[in-house]
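Common to both upcoming complexes is chain A, partnered first by chain B, then by chain C.
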Partner chain A sequence: MRAVETRPPSSRRRATPAERPPAPRRRPGARARRLRPLVPYTLLAPALLVLAAILGFPLYRLLSLSFQQYGLKELFAGRGTFIGLRNYQDILTDPFFWTVVARTMVFAGVAVGLTMGLGTLVALLLRNLARPMRVLVTAGLVAAWAMPTLTAISIWQWMFDFEFGVVNWLLTRLGVDGFEQHNWFDQPLQGFTVIMIVVVWGALPFVAITLHAGLTQVPAELEEAARVDGAGAWQVFRHITLPVMKPIFLILATLSTIWDFKVFTQIWVLLNQRPSREYFLLGIWSYSESFGVTRYGKGAAIAVIMVILLLLVTSFYVRQMLRAVGP
Partner chain B sequence: MTRKRLTRAGYNTAAVLVLLVTLFPIYWMVATGFKRGVDILSFEPRWLPIPGTLENYRSAIGKPHFLQDVRNSVLVVIATIVISLALAFLAALAAARFRFRGRAALVVMLIVVQMVPLEALIIPIYLMLDRAGQTDRLAGIIVTYLTFVLPFAIWTLRGFIVNIPEELEEAAMVDGCTRAGAFRRILFPLVAPGLVATAVFSFILVWNDYLIAYVLLRSPEKQTLGIWLASFTTNHGTEWGGVMAGSTLFAIPAVVFFLLVQRRLVSGLTAGAVKG
Partner chain C sequence: MSKSRRSRLTAILALAVALVLGVAACGDSGGDGDQSTAQSGPRTMTIWLMEGSAPPKVVDAVNAEWKKAHPNDTVKVELQQWNNITTKLDAAFAGSSPPDVVELGNTLVSKYAAAGALQDLTGSRGEFENNQAWLQSLTESCTMDGKLVCAPYLAGSRAVIYRKSMFAKAGITELPASLEELQAASEKLMATFGSDKRFSAFYFPGKYWYAALPFVWDHGGDIAVQDGGQWRGTLDSAEAQAGLTALKQLVDCCSRADKQGDELKQDQTFAQGHIAMIVANGWEKGVILDPKEGNPKLEKDLAAFPLPSRTSGQTAPVFLGGSDLGIAAKSKNQDLALDWVKLLAGTNFQTQMATVGGVIPNSTTLLDVHADDPYLSVFDATAKNSRFTPTSPNWANVEAANILPDMLVSIFTERASVADATKEASTRITETLNAGS
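Moving on, here comes the complex of A and B:
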């Protein structure tokens, strides 16, 4: 019974060889048997201890900081002053907070929508291509996917350069007025367009390739049958493909939401580490409150609000994951 | 028949468009890296880097502290991966192969923890490391990377171990192997490719970091390659050749490792990793 001791007796598995009486061999002492339930905890202990120290404690500290006044003075003294909910009160009554929340949500929403929408189109396209072309497009997607974020940022920064950037050249060439020597970051809406392009360009390959892998799981007979029954392309997609792909869609959409909700590096680097307030999303705001103007308490409170919003958005996903993992 | 041909032409046009959007930026980076200054700063783009030059690479590598930064990056990446894989392997073994009280809670914790954005945790982590005198130290940044690499590694390795049939180990134990022996002789060789893949995923996560290195490492001789790269993008509009050469160099290790595990990445990421 050596292999099954750690399972509850009710475990309904077919009898495996190990469940038969063990071959005669060295009999484990009573002490060893008593210690056996401790094995998983022993294996887990090092990782959990480290996680508690480097993740659990900072999480607790983040919460406690958010209830404190913690600026330069407190940084030198090494301890903050408890001020209750004042930080949260300050933030929630600041109209700027609501602007930033709305901006973050709109940004994440548009980014996720574009990534998922274009990703689906590319995945469907891949399925309809002849083999050589499909291999080629997949290779292109993988290449873009492999680019580190920082590399992708500098590439697009160069392409959108106001003077010698290839984008301004192209737009001018196409006869669009006003793009000669045009600075894309003068105006937040255009600046966010560039940021959006960098984010979507980086995220799209993963979504498209994963969706394409998922599409190969959709039974072809099912779609064929629907087509025979007279369904059009859209109907087949809507009533056959989409339901089968739903779990993958959900996971990808939630992953994208998490990534796009906390976009930081793209904005920070594209705007040369000095984004103006028109470019603040929650992550940037929290960062600049803490490290820019050394109000760590308020920065922590913004971060806590960000985590709560993110958990609300993704609690749905956690439920899905748990269902997949099982009890 | 003609209609079919038309649809095919439509698909191929779309495919060419996708290729252009994905590959042109990368081509443009590589090409710019090899162009002479006068060809980069020309109002009419030069599509080919002819005549080419290695001047940009020379200037990128010649930046102060480049070699030091490479060494720092390699050190940080290796230390992070070795520590997290060792800890994660044991924990993943427990999570995948044992039933115990609190197992469900552990799984929930592993998922939720990966959703806490580092952008939020960086504040308390900075203050803690500051008190311990570990800001601007590589040890501090390694510890910080562990906060997201470790849960990710446990989760991914758990997935790999679950996929190896338990019956193999049970058969070994019937034949007289101890449980530990079965893990060492049967499970470990089978999960080795999974360990390699997890190591590479972790590498990509660490390589993609900017924020942590930016916040924690201040002095130039302590910085990692990401900061080195971002530091010369700030000279706006000046040195694009050097920036593109540097970006290419920065991308090469990531691309090489990425290609090694790309196929597994699709299943691996959707199987539960959340950090980007």
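Moving on, here comes the complex of A and C:
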């Protein structure tokens, strides 16, 4: 019912221009009418200027850097040498690049899947909980979400510490062998599992709370009708909840993809700011090329490639989204 | 009503303009870097020293002495951490007012000198005390195309610090005189104390590349060689691989240190009492005995011996670490900075650094201050059989890219065989050293 209510306001808005002509109280002067189209732009101008300054300029610098030979000498002098597409050529012919791209894609894919899946489960749980428990779970989610990223990751790092970590201690206590003095990052697969846990843990609250808010918009009588018709829990979810919630799912999936594609802090902190190459994702690689070995031009080119890849991946979602919310 | 709307619009526009102008002004301020002429009025000079290099007592004394000649000016000493220091230095030198004096690890100097970040001190060399007796390797690290770009500050070479009581309890009566004996002694210690799950006979954090190099050099290997202007990584040579295999054997049996860890906290860990041996600089004893971070009770129990060679009776070549003091080319306080550097690099304070700080001083004429100290003289002796990293401005990038620590971690965690890990590292070292700068 409530979902249906969202329609009228937009149709009413569309109706306004048609209503207007017969009811103009004050006829604006010719001059004012001529200036009128400029008003929105004037109002937008300050915001656009600020955006151009804080987003446009860095983007322009990033692009121009990526076409330059720009190392330490150039940094100190403040001027690079134009070398065309050489940075891009170097990167695309480096087999390590393809390894990192594949790793980043797989990592982001699994992370998005886990975040969305677990987030949906938590949201459904929230809906079915009695009020006191729901408040408790929501508070827990908000607390996890409100924790500053660095603090949270540092605590995760302590928990997985090889010598004093509570995880090793607990596993040893439970009688699992081989976790005394065990370093979780010795083998990349295990290391990435820990990183995945930390990333998903951090992303879950937002997804769960947003989905829960979305769930309250699903018309209860639709679900009820389906149930009366004999649909099971899964069928109700698949054929009623999911279609109604599609726009929200798409937005969340897009945002999660963007976040998980550029995971940086978690890896950087968990691996003591010196991750080995087995742990490089695109973001880490770009940073390490730029600020580690001072090849700023190449680092910028990696960043540009990363943005392009991200655009390609998210364009799929965006198209779906436009289709879902479109007329 | 329309008035208030207009004034809000005006305010927003004004804010936008101010922001845009502000950004433009920020972009502009990089240009006026060459006003290096001494200004009048009191000045403040900033010094970056590395964590653990000079004891606070010595720094305070240098500042007090310097203040006598510059009563109106102020000096500010800031301690920097070694971790990711190059990133911080890059940013500092790129700005228009970097610190006036920086302590640079001797392997990093050529990177910054080649990029033009350091002031040429050739003309001032004569003003430095002991400048003819400066340690040769430090002087070389400060020399770029025949110019002096920094002043030698201190040197450090590593030996093994061990617990006498643990050796006695394990029945080790003679100090290891060969690599084989070191392995045997470590195994004995593990047999005696190994039931303590935190115990390491020979504590070796996986990323400790300074301490891994002696094993490579002792077996006849090296990091890279220069061939007609081109560098070639040589860690995949049979000799280097043999050295790393020997080290892996020692680590496998006798170290429970973090294979992903580094050596930055090894002294504090050693002080906790679950370690028999560490590879360390002479001055690290001070950290081990520090009342706050360490354990002063160990004083009588500590001694040192040089890292033995595989040839019995000889010592393994060690990495000669050290630091130099450079003056930023963009510094506006060249005169103040030079006076400060001359003090810390001079006889008086170098002697204090050697006695209080336990480092190897910057001049051969000062080396005898340790002569009758049985502990520190071990470290001075190892410096005589020491080696250095490839002398290329690109070497700092090999360090920044963590190529050696990555290789060691791969070997110790068995992610890769010694052969594969060294092959990959060599390829990357070759690429990095030969990259156009």
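Please note the rule applied: the second predicted complex is superposed on the first by the 272 of 327 C-alpha atoms of A that agree within 3 Å, B and C clash if a C-alpha of one lies under 4 Å from a C-alpha of the other, contacts with A are read in each partner's own complex, and residues count from 1 in each chain.
Note that a residue touches a chain if its C-beta (ideal position, glycine included) is under 8 Å from a C-beta of that chain, and two chains touch if they have at least 3 such contacts.
Because the structure is predicted, anything quoted here is derived from the model rather than measured.
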*For A:Phe57, select first, second, both or neither according to whether it touches chain B, chain C, the two together, or no partner.*
both
*In the overlay, answer first, second, both or neither for which of chain B and chain C A:Glu278 touches.*
second
*Does the superposition put A:Leu141 against chain B (first), chain C (second), both, or neither?*
first
*For A:Phe76, decide between first (touching chain B), second (touching chain C), both and neither.*
second
*Which of the two partners, first being chain B and second being chain C, lies in contact with A:Pro46: first, second, both, or neither?*
both
*Comparing chain C with chain B, which touches more residues belonging to chain A?*
B
*For A:Leu252, select first, second, both or neither according to whether it touches chain B, chain C, the two together, or no partner.*
first
*asked:* With both complexes superposed on chain A, which partner does A:Ala213 reach: first (chain B), second (chain C), both or neither?
replied: first
_First, second, both or neither for A:Val106, with chain B first and chain C second_ = neither
*Would you check which partner chain A:Val293 touches, where first means chain B only, second means chain C only, and both and neither mean what they say?*
second
*Where on chain A do the contacts from chain B and from chain C line up?*
43, 46-47, 50, 54, 57, 75, 78, 162-163, 272-273, 291
*Where on chain B does chain A make contact in their complex?*
8, 11-12, 14-15, 18-19, 21-23, 25-26, 28-29, 32, 40-45, 87-88, 90-91, 93-95, 98-100, 103-104, 106-108, 111-113, 115-117, 119-128, 130-131, 143-144, 146-147, 150-151, 154, 166-167, 169-171, 173-176, 179, 204, 207-208, 210-211, 214-215, 226, 229-230, 233-234, 236-237, 240, 243-244, 246-248, 250-251, 254-255, 258-259, 262, 265-267, 269-270, 272, 274, 276
_If we count contacts the way the header does, which residues on chain A are in touch with chain C in the complex?_
42-43, 45-47, 49-50, 53-54, 57, 69, 71-73, 75-78, 162-163, 180-181, 183, 185-188, 271-274, 276-278, 288, 291-295
_Touching residues on chain A, where the partner in the complex is chain B_ = 2-3, 6-8, 11, 16-18, 20, 22-23, 25, 37, 39-41, 43-44, 46-48, 50-51, 54-55, 57-59, 61-62, 65, 70, 75, 78, 122, 125, 128-130, 133, 136-137, 140-159, 161-164, 166, 169, 201, 205-206, 209-210, 213, 248, 251-252, 255, 258-259, 261-262, 264-265, 268-269, 272-273, 283, 286-287, 290-291, 296, 299-300, 303-304, 306-307, 310-311, 314, 318, 321-322, 325, 327
*chain A-touching residues of chain C, taken from the complex the two chains share*: 9, 12-13, 15-16, 19-20, 23, 30, 83-84, 86-87, 90, 93-94, 111-112, 114-117, 197-198, 207, 256, 258-262, 397, 400-402, 405-406, 409-410, 413, 415, 432, 435-437
